[in-house]
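Across the two complexes that follow, chain A remains constant while its partner is chain B and subsequently chain C.
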Partner chain A sequence: METQSYMPVPPGVGMEENFLSLDDILLSHERLPCRTESAFPRLGFLEKSSDNRDIPEGTKMEMPLWLAKGLYERTRRVLSVELPKVYREGWRTVFSADPTVVDLHKMGPYYYGLGSQLLHFHNPENAEIAQTVLQTFIGRFRRTMDSAQNAYNEDTSALVEPLDSLERVLFKVGQNGLNAFQRWEMGRASHLTASSLVVNYRKRKITDLQA
Partner chain B sequence: MDPSEVEFLAEKEMVTIVPNFSLDKIYLIGGDLGPFNPGLPVDVPVWLALNLKQRQKCRIVPPEWMDVERLEDIRDKERKEETFAHIPSPYYMELTKLLLNHASDNIPKADEIRTLVKDIWDTRVAKLRLSADSFITLQEAHAKLDNLTLMEINTTRTFLLDSLNYMYKLRTNMQPRSDAKSQDY
Partner chain C sequence: MFCEKAIELIRELQRMGDGQLPAFNEDGIRQVLEEMKALYQQNQSDVNEAKTEGRNELIPTIKFRHCCLFRNQRCIAAYLYDRLLRIRALRWEYGSVLPTAIRFHMCAEELEWFNQYKKSLATYMRSLGGEEGLDITQDVKPPKSLYIEVRCLKDHGEFEIDDGTIILLKKNSQHFLPRWKCEQLIRQGVLEHVVS
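Take a look at the complex of A and B:
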């Protein structure tokens, strides 16, 4: 059985993030378009497009998710978050028509994660966003399953390219299952191979020294 | 679970052999194995049968379902029905591989049998995938599949469970939740 000495913390899918998960940390770097509801004095250096010393009220700027989440309050005195393009009405109809054609990696590699986090910002369209995210996942599931289970020993980079990071995790899991079965069937399951660490390290072998 | 572990479990199945040595009844923890007399068939577990065969102490009798016509019937039945057909042994894939690798001289038409079993496997796995897909698309909570073998379940287990987990979490997004306080870490 494959036991790992290093178990990475998986991303918390859905509205909660896992604090220690690298995927979630990278996810929170995604930028969201926001509008400031109050002035931020002497923080003008954050907004590169103008040279003010302060950020006046009503500025539209892009903030990373971690900052927007921290500053957002229910009473909305500080910040109001707008939806990125992919979650708006236009793209939602595209997803409901046919989710499989969209290149989710290009649209921001964390479509599902960011979509779930957006639900924190009480937006009137939250219900539709959540529904669309779920339906997109379901629609693309078939394609992900087929490509994961059928690509044995081929170059999979073309298949993996349009997948979101969540789907890539699933793809990898599916591939592992397939590879394990094929290895077993070929009889190579108990075949001893030198660890790649040892091979790459190129230890001098005693037989080479004596020759 | 590893396919090797499933194979290990499969080796507990009984198979008939014809030994060429003699030995009294042996008493093992798992059960008794009858007295061995040369030329008389006896039932033993597969692990013992393979070991004896490798030491050239016996001849393995193929199980009665490992026969070209029976397998062709099973394959045709599998292709016609939409649900999983009943198969003669819950470990058909592993037994085929083990017996055909070690004892192909005792099994007539070994190559055809291998091809037929592969066909049956492919059909069943395709049905499994179709079923998993409709499970997810219809967002069912519960599915019942009869006549699946452990090996087939094992190949799709992690993938299906992970996708179902993700789907569940995405689904709970839609529940209206109480306004959570902001994080305090």
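Take a look at the complex of A and C:
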């Protein structure tokens, strides 16, 4: 088994984010459709569509998740967050019919992560959203695991393409396990190898020199 | 929107998912810190205005800028921390001497951190296993034999083994050497473990 020396901070579980996780930071960069419930004086320059000095109350704009989470208050005096298309009734029915056919990467690469984070905004449909996200994961997991455990020594890009980022991580873990097992079966488990970090670094240096 | 430069730093690291260390983006950090300074100053003046003139409608704006400050702080902290995790991995993969090319990618403080980490690791290893200590960076895979057959992948000069014999490591030469001497060099890609 290729030992892992670089152990990045993993993403948080469920509705929690890990402060130092690169994945969570990129996840919270995703934009959500929002509506301002109060005015934001002197920030008009952020709203490129108008030349207003302030952002008036009732403006519809897209805000990154981190900003929406920071500004949101339960009383909704500052901001209200709308649901992105994928989490609304229409798409929820699609997911409950057959979750495996949807290209989750296209529908926003962080379907599960963003879905979990949306639960912070006290939407009346939260219970349904949570159920749908969970059932979608359960419905798709079997296929992800199957393909990860059986795609040996082949180009997996077609398999990986419609997967959301969480599923991609799981796929990679499955592939690592499969490769390690195959190596063990062939008696190569005790074969000492160059560190993959070193090999990749050398490959990059050569391409840098050629560039 | 604010914090665009900060997320670029994060993307830079995310692009190298395998743990490689990109060059230290000193310019990027400087720009983020400048944005933070500007946000902080604007907020300070707005807070004073809100307090002295009772202009409470400025509060959402102050909160907005505060979120941006916090976001920038988070991105910088994560950027620096992830780099340290990569540098730590370098000690385990490359050994205690890093190639100059990699050293150029680290800033002075990171080099200092690496030296301190090396020392801590060495102190810890010395404290294990009785008198001589235990090198835990060895035997990452359970050993099957004391001696192994290795082939040299590139010229590495002379190499001395425990009984005093000097071996010349020339490209493509094969040797039968003690495992514990070769492990480091195999990991660094200088030697190749030959299995028949």
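Throughout what follows, the second predicted complex is superposed on the first by the 190 of 211 C-alpha atoms of A that agree within 3 Å, B and C clash if a C-alpha of one lies under 4 Å from a C-alpha of the other, contacts with A are read in each partner's own complex, and residues count from 1 in each chain.
To be clear about the criterion, a residue touches a chain if its C-beta (ideal position, glycine included) is under 8 Å from a C-beta of that chain, and two chains touch if they have at least 3 such contacts.
As the structure is a prediction and not an experimental result, all values here were calculated from the model.
> Which of the two partners, first being chain B and second being chain C, lies in contact with A:Gly70: first, second, both, or neither?
Both partners, chain B and chain C.
> Quick one: is A:Ala158 in contact with chain B, with chain C, with both, or with neither? Answer first, second, both or neither.
neither
> Given the touch rule stated above, what does A:Phe141 touch, chain B (first), chain C (second), both, or neither?
First partner only, chain B.
> What is the contact status of A:Ser21 with respect to chain B (first) and chain C (second): first, second, both, or neither?
In the superposed model, A:Ser21 contacts chain C only, not chain B.
> Contact-wise, after the overlay, does A:Ala189 reach chain B, chain C, both or neither (first, second, both, neither)?
Touch partners of A:Ala189: chain B and chain C.
> Which partner does A:Val101 contact after superposing on A: first (chain B), second (chain C), both, neither?
Neither partner.
> Counting only touches as set out at the top, which of chain B and chain C does A:Arg42 meet: first, second, both, neither?
second
> Residues of chain A that sit at the chain B interface in one complex and at the chain C interface in the other, please.
Correct list for chain A: 19, 70, 189-190.
> Inside the complex, what are the residues of chain A that reach chain C?
Per the stated touch rule, the residues are 3, 5-9, 19-23, 25-26, 29, 38-43, 46, 64, 66-67, 70-71, 78, 188-202, 204-205.
> If you look only at chain A, which of its residues touch chain B in the complex?
Going by the criterion above, the answer is residues 1-2, 12-15, 19, 69-70, 72-74, 112, 116, 119, 127, 130-131, 133-134, 137-138, 141-142, 145-146, 148-149, 166, 169-170, 173-174, 176-178, 180-181, 183-185, 187, 189-190.
> Using the touch rule from the top, collect the residues of chain B that touch chain A in their complex.
Listed in rising order, the residues of chain B that touch chain A are 1-5, 7, 97, 101, 129, 132-133, 136-137, 139, 151, 154-159, 162-163, 165-167, 169-174, 177, 179, 182-183, 185.
> Of all residues in chain C, which touch chain A in the complex?
Touch residues, chain C against chain A: 1-2, 7, 10-11, 13-14, 18-20, 46, 57-58, 60-61, 63-64, 66-68, 70-71, 74-75, 77-78, 81-82, 85-86, 88-90, 92-94, 101-102, 140-144, 148, 182-183, 186-189, 192-193, 195.
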